[in-house]
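Below you'll find a set of structures to go through.
Each of the next two complexes has subunit A plus one other chain: subunit B in the first, subunit C in the second.
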Partner chain A sequence: MLMHSDSIINEYVSLAKSMKGDAKAEKDTVHIVVPKETLVNTASKLFNEYNCDFRTCVGVDERPLNGYFSVTYIFTDNKNGLYILVKTYTEPQNPVIPSIVKTVPGADWCEMETRDLLGIEFADRDQYRLVLPSGWPEEIHPLRKDIPYNYRPPIRSVSEKITPSTELGVIPIGPYHPALHEPEYFELYVEGERVVDVKYRGFHVHRGIEKLAETRMTYQQVNFLAERICGICGFEHSTCYALAVEKAAKIDVPERAQYIRSIVLEVERIHSHLLWLGVAFHVVGYDTGFMHMWRVREKIMYLAELLTGSRKTYGLNLVGGVRKDINEEKKQKTLETLKETEKDFKKLVEVAISVPQVKKRLTGTGILPREDAVKLSVEGPVARASGVNKDARRDQPYAAYKYASFKIPVYTEGDNLARALVRVDEVLESISIIEQLLDRIPRGPIKLEDFEIPEGKTGVQVVEAPRGGDIHFVITGHGKPYRWRVRAPTYSNIPALKIMLKDQPLADAPLTIASIDPCFSCTDRVLVVRENSKTEWLKLAPGVQI
Partner chain B sequence: MNTLHYTIYSAIGVIIGLTLPVILDGVERKIKAILQSRIGPPITQTLYDLIKLVNKEIKPIHTSPFILLYLLSFIATSIASIYMVETYVYTLESIYITLGLSLLAVSLTSLTLTPLLVPNPFSYAGGMREVILALINESAFILSTTLYAAITNNLAQLKSATTPSMLLSITTAALTMFISGYALTGRVPFDMAEAEPELASGVLVEFSGSLLAAYMYCNLLKRLLVNLIIVSVTVTPLIGESAYSLAAVYALTIVLWVIFAITAVILGRSRIDLAPRTLTKTYILLLALSITGLLVHAYA
Partner chain C sequence: MSIVKKAIKPVEVLVIAGKTKRVTVKYPYQEPILSPEFRGSIEINPEKCIGCGACVNACPPNALEMIESQDKKTLRYYVGRCIFCWRCIDVCPVGAIKGTRNFELATNDPLDLYTYIVHSKAECSSCGNKVETVKMRKYIMQKSPITENYVNKCPDCRKKSFINAISTRKVGFHGE
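After this line comes the complex of A and B, so read on.
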């Protein structure tokens, strides 16, 4: 953990006081509470003057605790390794707070999500429905505490088509389309072969995963639910959740467990990047590259199974540690597999990137300029390919990353090639990180047996997933989280697609969409409830099953 | 060779020409699989696919009734074109290759226009891409093939072609013929009318059942026809008039198919704004060199 100097923390305390608010610091988190009249100024100062990175915002129904609704805006001070939480309250009768979107554009989606799910209005901005389906009743806000988790409101069937008619040519991509592996809807407006505008509608698979955790599950069960948010980076989510709860409860997890978490996180990163590179080659018609990249990836899948017992969805994390240890035999086998993978990967990338069509189509397409990347608070390889040097593993070190030495690849071109090269470099860095951690892993227990989780504590954690920072925000409750908010990196990266796709050739649209490595299920937080080994479908309307 | 033998051989040739593409596509898929470290489907898989499609229902599309007529026209003109090319192989008379090329042009036009009759944005966008590519490649293919055939339509002329200018003319015409022929077969990197993911199968999007089977078969037949013309034009003058020349031409057509298949494995897909530009520049340069070489040889 970075040492946080008093002077830096005092700066934030002074800022809070100057905004007629209050602040307190706990470890790496500064909690600021301001009246809603000064919220916009506070956010503006943090974003523009303190150069804090905006991550997301969280609405909370605190009526059972103190009679108010609250909204917390989460910033990080990447230079000093601090989380800055700016909270404001609003009265329950007419919950309205001023929007910060005009100064912090990245807050657009999280404000609209809060409006949908908690019914808190945001003044002085465009209002639209983001998460809930169009036919959902206006007055039902499912994350309010007085709405039961199993409440099924009557749904009207409403067309999801964004624009009924237009003079421009419209190419619909989605909700079901061969270029998308999950349901999302893009409308591309084209003139000839050039995209001139883009509209987006997502959240087709939002299932109220947070509501389920807040009502039906225990702290430990939520680990396994969190891992099922994503079929690719699920372990990042469960780690992020566990770390957030451990931070809120001030639990010191055994060091060996933190090493194991970091090792498996890096295995997951390698697997994800190899998968993405394969898909990217497929999208540009270079299927040989796709097949061989997935052949290399297969070794990593084997490695995941060796270390965790599963190729995916490892079920390894618990609050307080991990469930499986790494013995000497696994350690040696891991090192051997990594050596083979590194050799194969380097050879394959050298050939694939030099295929003329691949190079030509990746270079100079889907450009995201640095200023837009900063403005929209994009995450992960998308940010680093546009010259934004941020990575939570270094900036807010967690698990065992402080014990490893690694480079953060940063490119300035902001195009599809830069995003591909960031991932290529990261695969090699991840191999190096695993080797270092296996070499230094300390002896000791892998989990805590007894610990208490006090109520009413807040923990927030960023974990650098393959696609960027995952954020989990937890307010502790009695035996389960009182509030749990998940924000996947794709949530921050999708709004940047509008800039990346505009004035680009239509043929590169799937490649550019793929270049953010979108995970729509992460973003939407998919959930299928299983009870007694039987799948229980959520019925939204008579005759409609989702 | 008497007329009866010639007719029998040609008829057998046409039947082989109509069935071979289905098997060769299976071979191509197997080659791809081997080069990509996969097992891949059996070589009869394309045949199974087409049989399955034929037995499936056709999803009705609101389109011109001429769509099936276009596909039938493609098959009929392709058969006629194959017959003309085979006649050229036996007779070495350039009028037959010219007729074969003319029929090819007609058949390709039918095939290219088919998706434009389908009222669907994906099909229309894919169809327009096909038209752009066809305009460039067909012209270059017909021009270069005619040029090459005119220069080398008999062995004596071919043997005398030892001057640097003539060699330049022949080589550049052959290169244009191979490149444009490869592009006409619609393999990677020129499969952008149907394979680009944003088009959701582009020209194929509304076709189903036996209509899709017919359209896919026509595309395979197009590949064979183009290969057959390239091989006939390049190889027949070397073999001369022989009873086995048609067998040799078909054997080498298979070899050329395999070469094209391997080429497709090592390339990625181009883009509709890049490929036509690059191809046009390449064709203009090569054909200019070929014609210059010919003129220098004629007037030197």
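After this line comes the complex of A and C, so read on.
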């Protein structure tokens, strides 16, 4: 799978040539540069004919380097394990790029994010303010290189109200709500008990960490910042960042370090899925199951602390390797814990799923059909529960996953039960992956001491987090990243909620929202506002200018 | 599975609960459950610290800061910002920082959250400017005695004397 055959790469090169562009391949990444006139055509060919998976797009202020702005669309060819980056440049005065949203609907958010943060306009689509708060001055784009990281513009605060509706009932959930764990805001439009439409708005915890990393941190410090993007799958973020930098700088990390990364990633997946199953039981009112699931999880948390030094935010990754080794004693303890957990977990899940109320509430609710899952490029268990067979651990093998054999559970029902069962199966697979890797782990050093990171190189990495593919895009700079872009998996999954919630009873809404295992703060590392593009009356409150 | 068995399956959770018994501990009256690898707050040994600032450069959240004044260099550790990553321990050249298992850091007095280590700076032998600490100068001399001739000077004077030395030579950089 790692052998990238020349014929496939040549196909992409000739595609770029036919689009009046150019392409060059570097390991598993094909860099395509096209003029903006042919961008839409290229994207549509990749998405529809080559069946590439759209991941995200990144705007970069390259004016200090070459005088232009650029936008890079990130696709992955999952069949051949290739990353396809389509880049186009635009002039710095009045930067405009044609939008690909009409052919690739999944690009909606990232284009609007680029517009807000870099001031690049996207032609031929509806424009709205997605990322910045409503009172933020129009002309200031924080990710441009001439804006200092600590600049605070004068903001006139605008209060937002619930959208009034005469025909339908409006039920606001959030921004702070006992059923949700993080600040986000849903407006559910109901006819009686039935949800007919949904509006999402989540922007409350924007922290501008990309700017922070680009201005005042060093390569090694960003690992620890990346880890703090998410309180549950932080290690995925720091691994993803480290792998992206290592790919850009062409650093060969010692095998043992890659094994340790994979092992800890799987430990994190187990704890995350156990946490989710607990929360799901809690949401349907089965608190006994919730308590017991978290009791089982506690052993995994102890294991994580033993392997890394901390229950969460492990602080294990560095560019070039890891900081803590796994000795024989820890290995035995890990195997022991996993054995106990497997036994406990199997018994508990069997009992919990047999509870009639739990089963009924999960079955047939929050259905996401396969076509929509493909169209919106959803990620992780949400995609796999809707029959989309994708998993970066197999498709773009990173760290040490190529040395383990594992099944990828795929269900076709697309309902909440399917999403739960995908996670149940994945816990068992993860346990088996850790056992295999611990068995095969090679001896040797765990980190590189001396290496250089050249400037101006690009690295993209997908890491399969418990919630789906997590993407980090890095352009290297002098002592720190020149550009760092993070796309958490929930960023792709939230738009699918609209489809899942539609025509469902209101009582199932909290469960369905929870079923994507949303990680709002990760998504909101930038601010996000979801506006309905179809229905006119779903506008933000009067007084908010968009 | 028979219908009866299926119907009573959910009740099996009682068996699980009975077997597991209590899993929590009565903290703070009992010892908390900590693994041997747990990372808590750090302790800086003022005797060993030489004020080089390596930890300040490595610290991701800026919990360690170097405060410069005319003739003092002060290393400040603010535990309120600390993320307990122990990167400072990795990079300290003299092993002055020790990790502890202490996580009970709540206090009534915010000043308890700060630790200060004050270093006096050494004077440059030619211009009198003060740049590095006395202890750091000593450390450098111990590590590489060959530096004796110029270690007493500040970086600026060192640069100047180097350039002077080169320009007075008959063959400079490009001389053949």
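The rule we apply is simple: the second predicted complex is superposed on the first by the 518 of 546 C-alpha atoms of A that agree within 3 Å, B and C clash if a C-alpha of one lies under 4 Å from a C-alpha of the other, contacts with A are read in each partner's own complex, and residues count from 1 in each chain.
What we mean here is this: a contact is a pair of C-beta atoms (placed from the backbone, for glycine too) under 8 Å apart; a residue touches a chain by one contact, two chains touch by 3 or more.
Only a predicted model underlies this, so the values are computations on that prediction, with no experimental measurement involved.
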Partners on subunit A (subunit B, subunit C) - clash or fit: fit
Partner chain in contact with A:307 - subunit B first, subunit C second, else both or neither: second
Touching partner for A:75 - first (subunit B), second (subunit C), both, neither: neither
First, second, both or neither for A:348, with subunit B first and subunit C second: second
Partner chain(s) touched by A:241 [first = subunit B, second = subunit C, both, neither]: neither
Which of subunit B and subunit C A:193 touches, first, second, both or neither: first
First, second, both or neither for A:295, with subunit B first and subunit C second: both
First, second, both or neither for A:284, with subunit B first and subunit C second: first
After superposition on chain A, the shortest CA separation from subunit B to subunit C (Å): 6
Touching both subunit C and subunit B, counted on subunit A across the two superposed complexes: 288-289, 292, 295, 355-356
Complex contacts: residues of subunit A adjacent to subunit C: 217-218, 220-221, 223-225, 228, 288-289, 292, 295, 298, 302, 305-310, 313, 315, 323-324, 347-348, 350-352, 354-356
Touch list for subunit B against partner subunit A, complex: 32, 35-38, 121-122, 125, 188-189, 191-192, 195-198, 200-201, 265-274
List of subunit C residues in touch with subunit A within their complex: 6, 9-10, 12-13, 16-17, 20, 23, 33-39, 57-61, 83-87, 90
Footprint of subunit B on subunit A - complex, ascending: 169-173, 177-179, 188, 193, 281, 283-289, 291-292, 295, 355-358, 360-361, 505-510
